[in-house]
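Next come two complexes, and both contain chain A; in the first it sits with chain B, in the second with chain C.
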Partner chain A sequence: MHEKSIKVLIAKPGLDGHDRGAKVVSHALKEAGMEVIYSGLHKTIDQIVRIALQEDVDIIGLSIMTGAHIPIVEKLMKKMREEDIIGKTVFVGGVIPAKDVSKLKGLGVAGVFPGGTPLSETIEFIKTHMKKA
Partner chain B sequence: MDLAKKVLQGDEKSAARLISMIEEGGDEGHRAISLLFPHTGKAHIIGVTGTPGAGKSTLINKLAVNFAGKGKKVGIIAVDPTSSKDNGALLGDRLRMRDAEKTEGIFIRSMANRGYPGGISQATAGAVYVLEALGKEIIMVETVGAGQTDMQIYFLCNTIITILTPDYGDEIQLMKAGLLETGDIVAINKTDNIRAEDISTDIAAYICQTKTKGWQTPVLTVQAKEGSGIESLIDAINAHFVYLNKNTHGKDLKKEKLKILMFALLKEEIWKNALNAWAGDKRFEGIVKKLQKREIDPYAAARKALKITGL
Partner chain C sequence: MAVARYIKDEKDRILDVILESGIHVKPSYTPEDLNRTGFDYDKDVADPGQYPYTRGIHPLGYRSRAWTTRQYTGFGSPEETNQRFKLMISHGQTGLNVAFDLPTQMGYDSDDPMSEGEVGRVGMAVDTLRDFEIAFKDIKLDKIGAGLTINAVASIMLAMYQAVGEKYGYDAKVISATPQNDILKEMVGRGAWIFPVEPAVKLIGDTIEYSMTAMPRTNPVSVCGYHIRESGATPAQEIAYAILIANAYIDNVLARGYVVDDFVGRFSFNLNVFGNMWEQVAKFRAARKLWARNLKEKYDVKNPQNLFLRGLFGGGGYGLTKAQPENNIMRGAYYALVAALSGAQTTALCSYDEAYTIPTPHSALLSLRTLQLLMDEMGLRDTVDPLAGSYFIETLTKEMEQKIEEEMEKIEQYGGMIKAVSKGYIQRLVARQAYEVEKGLESGELLKVGVNIYKEGESKEVELHEYNYESAEKQIEDLRQVKKQRSQSDVLHTLKVLESATKEGKNIMPALVECCKAYATVGEMTNIFRQEFGEFQEPALF
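On to the complex of A and B.
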């Protein structure tokens, strides 16, 4: 009953108003046995980092459809450094062109899952990553 | 211990980490509670219970911002159910706490109940102590929302608000045990419904019949989304706290609740020890096999199994 449970934050940063994908991923992770906090729409980076801090999540997933993934991730990483929670794993999903995957990874993102990625792949990524941590 | 010390200095990150450790159930978390517990007992712990969709999170959002506006330091613990099917949980309460989330000084923590009965999780009491040690003066605990059996919260909190909506059912629901007798304050939410006035009169009349002395449970109407009725609700919450602190009955009740909370945790400890004793025990497996062959009934099997543990 008290075993370590994987706690995931699924966050929607910025102006984008579409969260069907984020909700589908949240539901799938819940079904995979994880504790999922869904942030809701229109969160600022400061808010996302504050949620991650208060909830002490193991991993943060950002769902971004606006094309602003690079500046958003840069901001997130900067804020995480400021709050000294840089150890938390970050992954990104949404509308992400193939050419940006390596850029995101260069910024410190551990996994990138563009639209259409099978849910099982995201689940497997989190489980494997949490085992290593 | 470092973490406990940092919590007492007001460090949110340490509080968040410590709550996770208490959830995991290890010795380190429990040692920290022992250090923090002497610093607790003064905050007003407010439980908010009611059926799913009654508006608990929305109401807590408004209450928290209002309390914070009056200079109070507020903490929120929102408990959601863990799935018995897949052990996962979707913690969605803070979604409805947008204003509270934006308000400086309000700490919100979501918790999955991890199979614990009674509307909270086993670690919720520990989380309340952590938030109080962090300096919170008002701590609101939102139950899972199963409703009628969310009783554990009663033993953890000083004041319970039961939220009902005009479509709660009929008067037979009011006559049942559970939800209504738990509440120190009843708030009827979503009062744009045409039946709202009649319903609050019905409920108030029912409560008057059942409670003849001591605290008289007020029945208030609110519109949590718009925030109307919140000031009256806060007056009632404060009045109940004053009542508890001034009154011998209130002080005795606080002590009694603490004892019963300990009993609830004791049950869990006994269960954990019993599970360990049964693991791999041939006699236990024999009892289960006999039960499955219907050679022994479930009640007798349970009593026999208990004997193995030596309890």
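On to the complex of A and C.
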């Protein structure tokens, strides 16, 4: 039976342009058989949510290198509540100090993958999570 | 990241070494290798200070002058940055290298909704001249030069530097700024672009043209192979793309009717250090040679001094790891050694905690000391280009030269640098390569200490430079105060003049200086450009 591939949005919120990690992850997810939409740089939360809705993605991944992950994720969750898509899975990668991982999870992020996380771990997380969902 | 591919047998003996640029390293080198590559001392190397400057641009190298130490510095408010500048200078730092926050880099004021959460985070916030007045207070601008690490709005920051210099009584002709001002590399990596390619390159041409007479000690462009390398380029691609990008800026100014000798001597480069140390040394030696030859043969540059590749060789951010952070102290020391062995005029060294955040005072000073102890304790100033004449290094330099030329040729065949960036050709290429490196690290084909080998040991918490939300609020409040106090008619008038100059395609620098002096904000000035030029549309990569 044909299995529908998982559709992932990899998004770069805010003003930061360091996108090596986002692009590497996008390549890895594609190679793992997923359909990847890459948002491009400098996207506002509103734009990211709009892309997620338009493309009807299964899961949203944010790549944040600036340290502004907490306010950005707070904003995303608020917008997702407004758009009534709070059930969509969100994961975050980038420069994330260990002490912030639980804070992000508290805000509703399903997976946090700080720089240095093996790509296989991210792939595995998405596959497992999507099966559950 | 990892510096070469090693093919080994079951006893861990190395059978082959393949450098990132694709060169195979042999177990030993002899004069026969030099013959094979057609090596000729006078033509390929020559004495230090002699064309093609492979061994360095000055006959006496670091004996005549040590390299400038220019640690990347800046965060939070201008007050905090001013304190950090003074701390670094008091510890012997000889150049400034200003880090700007992302809103400033992207042309937004601190009170813009786009700036939320980003004010003062990765560099200092700049809204108006008031911020430069505070940041550069009590710093001798005629004695110390400032690198301004900013690109899309580098023209505004250069104008602001002139304005603050004049405010503090310095003639614009005696102050020395090095704005990074390399937008094409921003489009390849790092991503702090705003405007589309053509107007963005035109703005750079304006700064070069303006500096020639108004700010002659300024280096209006620092071409950054550095960030292209960080995005996934090989060392050979780093140099190839940097030279081609520099040529794109040269061509813009030549089209205005200038002679290349009038301005190209003020070009500078920012190149990356991390990677296999032999490949790096050969890369820098080949880069000096190819840049000189490029200028002489392609552009007919006459003055020998204008052929110098002057640069900051530093880094190397991507080489650092989050795992086992203290290893980064040793990595940094080796990078500094490579920069010194390669004849860097200027060095900045990433601090060990930069895989996490911007440096604390402690880690920033450790990096500065790393550079200073090579300079004053280890004998790196004794003699020029100490690796010269090594069968290995000279062979490798020749091989690197060939690889760089091959990479340049590929871009020329594609249709040139501007097309290659506009269409996303280079972006796709380096992103793919970055992914291949990550895969190599995961499979263990590439080795990285603490990441995929020698991972054991206790994990170490790094003391982090904490973000100060209060200083961001203060910055916004200060901006409100400046807006209340400034003359609104001066602001409106100077912005109007800027708008006309922009629409008419004139050089915008004189108008920008007047806007800055009237305390117009970075956002107000950038908006004029945004409205006229629009924004760069990133080519699709997937």
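FYI, the second predicted complex is superposed on the first by the 131 of 133 C-alpha atoms of A that agree within 3 Å, B and C clash if a C-alpha of one lies under 4 Å from a C-alpha of the other, contacts with A are read in each partner's own complex, and residues count from 1 in each chain.
In this text, a residue touches a chain if its C-beta (ideal position, glycine included) is under 8 Å from a C-beta of that chain, and two chains touch if they have at least 3 such contacts.
Not measured: the values here are computed from a predicted model.
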| item | value |
| --- | --- |
| Which superposed partner A:G108 touches (first chain B, second chain C, both, neither) | neither |
| First, second, both or neither for A:I72, with chain B first and chain C second | second |
| Touched partner set for A:S5, first chain B, second chain C, both or neither | first |
| Partner chain(s) touched by A:G40 [first = chain B, second = chain C, both, neither] | both |
| First, second, both or neither for A:I51, with chain B first and chain C second | first |
| Contacts of A:A32 with chain B and chain C, given as first, second, both or neither | first |
| Touching both chain C and chain B, counted on chain A across the two superposed complexes | 26-27, 30, 36-38, 40 |
| Complex contacts: residues of chain A adjacent to chain C | 12, 14-20, 23-24, 26-28, 30, 36-38, 40-42, 44, 66-68, 71-72, 75, 95, 97-98, 114-116, 118-120 |
| Chain A partner contacts - residues on chain C that touch it in the complex | 102-103, 105-106, 108, 114-118, 121-122, 186, 189-193, 230-232, 318, 321-323, 355-357, 431-432, 434-435, 438-439, 442, 451, 461, 464, 467, 538, 541-542 |
| Chain B contact footprint on chain A (complex, rising order) | 1-5, 7, 26-27, 29-40, 47, 50-51, 53-56, 83-85 |
| Chain B residues within the chain A interface of the complex | 12-13, 16-17, 19-20, 23-25, 82-83, 86-92, 94-95, 98, 101-102, 107-110, 112, 114-116, 122-123, 272 |
